[in-house]
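To keep things clear, I will list the structure first and then write my remarks on it.
Chains here go by letter, A, B, C and D, matching the order in which they are written, and residues are numbered from 1 within each.
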Amino acid sequence: MSQAEAAAESELKKKLRIIIFGTDTPAGRRFDLALILCIIASVTLVLLDTVSSINARWGELIHVLEWIFTVIFTLEYGLRIYCSAHRWQYMRSFYGIVDLLSVLPSYLALFFPGANFTLIIRVLRLFRIFRVLKLLRYLSEGNLLLKAMMQSSRKVFLFFFSVSLIIMVLSAIMYMVEGPENGFSSIPKSIYWTIVTITTVGYGDITPKTELGQAIAALTMLIGYSIIAIPTGILTAEISQEIGRNRDLRRCSNCLKTGHDQDAEYCSKCGSELQKEL
Amino acid sequence: MSQAEAAAESELKKKLRIIIFGTDTPAGRRFDLALILCIIASVTLVLLDTVSSINARWGELIHVLEWIFTVIFTLEYGLRIYCSAHRWQYMRSFYGIVDLLSVLPSYLALFFPGANFTLIIRVLRLFRIFRVLKLLRYLSEGNLLLKAMMQSSRKVFLFFFSVSLIIMVLSAIMYMVEGPENGFSSIPKSIYWTIVTITTVGYGDITPKTELGQAIAALTMLIGYSIIAIPTGILTAEISQEIGRNRDLRRCSNCLKTGHDQDAEYCSKCGSELQKEL
Amino acid sequence: MSQAEAAAESELKKKLRIIIFGTDTPAGRRFDLALILCIIASVTLVLLDTVSSINARWGELIHVLEWIFTVIFTLEYGLRIYCSAHRWQYMRSFYGIVDLLSVLPSYLALFFPGANFTLIIRVLRLFRIFRVLKLLRYLSEGNLLLKAMMQSSRKVFLFFFSVSLIIMVLSAIMYMVEGPENGFSSIPKSIYWTIVTITTVGYGDITPKTELGQAIAALTMLIGYSIIAIPTGILTAEISQEIGRNRDLRRCSNCLKTGHDQDAEYCSKCGSELQKEL
Amino acid sequence: MSQAEAAAESELKKKLRIIIFGTDTPAGRRFDLALILCIIASVTLVLLDTVSSINARWGELIHVLEWIFTVIFTLEYGLRIYCSAHRWQYMRSFYGIVDLLSVLPSYLALFFPGANFTLIIRVLRLFRIFRVLKLLRYLSEGNLLLKAMMQSSRKVFLFFFSVSLIIMVLSAIMYMVEGPENGFSSIPKSIYWTIVTITTVGYGDITPKTELGQAIAALTMLIGYSIIAIPTGILTAEISQEIGRNRDLRRCSNCLKTGHDQDAEYCSKCGSELQKEL
């Protein structure tokens, strides 16, 4: 139902689609800009609504504005479904789901009052900003980062797996040494303390009181301090490789391969000589 | 007593060994999966047992389940010894000791009650997961990390040796400046404070109160902030080298270049074809 | 009005300009040194003035000295305008504005008392130190850093944009889970907590009290701990590239290789002699 | 007075010198080992002496032992001067001064009691450990680190200079926004807070209470979080370069230069061809 229906759809649908989904026409760009401003305004309202002093004075106004934005976003969501060429595909896409979740809490709040701060999910709609600004270059940078993260994901998983075992063991030891009277009331709470310590956050809501506990805590910190280097090292090495590879602008004249090593003289895929960069 | 005994052992032993130690057969893989689930369930029980509200309500049930897991692990440990080709080797290996320590606390708790949270050591058994999932690729990544850490161990030792001397001197100064009335009740406690500060954990359970103390504390933080870069730098450089070196083991038969891209088919330096890896 | 006026200006102006703006003559250098000492002394006074015990005892003296420095800086500012070849250009430059802001608060304090700690802006005048010490080499190092930061700015922006969306969502969740009774009195306050946590600062003025809250907090810390690696990785890779590229600007006349060591006399690739840098 | 005196000195002096300063003979090595054990024991005593519970019970014993170590170190210091070939050179060297400071506090404590925890300076004598263990390889690794730090010192200085100006300005703003009633009692205290925050230590002894203050604090943290990457990046890049250069084992057969780039084919100093590594 895609090719045939696309041909049959009304002129209105087409125009709407260009405005709502497109970013090439001035109208489309203006629509997107208005949408982003609406999202930011709407999210700001949600934030302010939770501040009791503001809520007490302007609560009424904020709720009215929130409903206005909800109506706007509902209309927009309806229009998007209406004029979309592939409705189901849109509705099940990341943006489709976020768009739905951006309006749902308002209606749910009619039945379950007080939960409308979940509207903050609207902030995810801001990811559209990338499409709007046509930040193609940004996306390629983002891809480079994602690729480096993918490349290092196995090493990072291994790292976190080992770290979590260390955390478990340290937590059990601290629970044994300090005990409930010093705030280590259970192993899960002790795990919370260990994570607070090993990540160097250090709230200080639970701290070791005994000398032995403080010695183990010091050890935990030094472990945290040392192993902080490992994911950094992994990721840096991968990003370095990716950037180095991405920087080379030469294209093999035979097989069109790009992304050569910077000191390559021959194409590593087809063996033909590479031209010197101009 | 290895070659001869191995030949003489019963058919049952062999079958058991394949199931318990092996990971190639479906039965072996199912056994390992069941084991891992048991370990996770058992560790979760130990964690929950220490939460007083849960312990009050389901304490009885948890203890019964803990005993069931202890019996299961004891049986498993017995079977491992029974069907192992090299008993002593297994018993003295890392896994052998961990397997023993995973059941011992339950029996000890009969005589010394309240110490069964040491059962958390069972979590170390999870390292078997690597064997199970046959994560050969993971292991080679892990080896790369370990190799980089080995390579940098001397530099890191040097770093920690110097840092610990700095910590000692700073601790003595802070003990002198702040004194027991501000929580720096002894040099060991002062060392605890210095480590908390230099690793940027910063609990805030002990903080400098005098102006001079705060100035030295600020200096300590800046030192910590600066030297955090050193192990990161060392490790990153080593990982970078390892990754660069690991990329490929092939050597160009013409110009002897190594370190080719993994998808390279021709040498990027002289253009001659690369042999497939053996 | 530049060429003609420059010719017509008095001999006095020229001399002053050489002393005040120049750094080549001994007089100019002595002037700059005196100025820097004045700035440091003046800023120190502002700092001390806010310490109540010092203020109580030497408040009078400090205010007199502050006025002396203000008069000195006012005179200097007047002279700079007077003898500058391009007055408007100077007044609208970074240094011109900082110079003005360095004296203004003193005069404003006559009408709005108590605000003279804003004089600390004088500290920005210290950037002149680079001009004085003729740290050309420093500047090129600084340029290298700036260039690396520019190169990585898009990736870092992308990173901070994504992080701020994560922060928003985590804040809303924590507000929902912990609520006002545990210090998460509004979403903006919750955002403050999330930033304190994700940057691993961890004051401990607001901490999660519920078990679920502590679990989410632990997750937040681990996220912070992981993503701390990303900007480091990006920047390191860029600085590495910049240093590699900056090493030398000479290009081998035979094989066109660049990036030689700074003490290289022959090309390391083809062995032909390198020209001295122009 | 060096050549002549050296010839004239007694046989005893020579023997002593070999034992005390040398590390090649078994006697010399045994002397150094005994010395290190004495230093560690003595420092441990100083640490324990400050713990009030230990001091109360074993204070007498500790003081006796401390005097024994002081006598030992005094004798050793005397012998070192006696048998040294270049007395003044030794006395003014780093080790000479540390050796003197290691015994002085004990004697001073006779006149100014209570200051003998300054004996902790003895810990610096442990740097001798490097000489003892003949850790030549360690020293070369240390040199690599030092060289990388030297190379990056200008960039790091520039970084800390800029950061300290940012800290000053942020401190003044926070003093203005929060004021003495929220713990920001003076600009120096505000600087202390800013350093605690920007280094992500975060004690929580001073925290912003106003909304504006918390917003600026959040900004300060994000700044700290971002700029933590800069020294790491600088140092990593330099260490990477040093390691890469240090790894190349080839030596130019013409001018004997080592430390070539890994892709060098010709010596960059004399232009002669480098042999392939075996």
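The rule is short, and it goes like this: contacts are C-beta pairs under 8 Å (C-beta built on N, C-alpha and C of every residue); 3 or more make two chains touch, one makes a residue touch a chain.
Remember, it's a predicted structure, so these values are computed and weren't measured experimentally.
A.B. asks: Same residues or different residues: which describes how chain A and chain B meet, taking over half shared numbers as same?
C.D. replies: Both copies touch with mostly different residues.
A.B. asks: Using the touch rule from the top, work out which pair, C-D or B-D, shares more C-beta pairs.
C.D. replies: C-D
A.B. asks: In terms of CA centroid distance, which chain is the most far removed from chain A?
C.D. replies: D
A.B. asks: Distance from the CA centroid of chain B to that of chain D, rounded to the nearest Å?
C.D. replies: 30
A.B. asks: Mind checking the centre-to-centre distance between chain C and chain D? Centres are C-alpha means, answer in whole Å.
C.D. replies: 29
A.B. asks: Would you pick out the residues of chain B that each touch at least 2 other chains?
C.D. replies: 188, 191, 200-204, 228, 232, 234, 236, 238, 240
A.B. asks: Of all residues in chain A, which touch chain C in the complex?
C.D. replies: It comes out as residues 43, 46-48, 50-52, 117-118, 120-121, 123-124, 126-127, 129, 137-138, 141-142, 144-145, 148, 156, 160, 188-189, 191-192, 195-196, 199-205, 228, 231-232, 234-236, 238-240, 243-244, 247, 276.
A.B. asks: Using the touch definition from the top, list the residues of chain A that touch chain B in their complex.
C.D. replies: Contact set of chain A toward chain B: 154-155, 157-159, 161, 165, 168-169, 171-172, 175-176, 180, 185-188, 191, 197, 200-204, 207, 211, 214-215, 217-218, 221-222, 224-226, 228-230, 232-234, 236-238, 240-241, 260-261, 263-273.
A.B. asks: Where on chain A is chain D touching in the complex?
C.D. replies: Per the stated touch rule, the residues are 200-204, 232, 236, 263.
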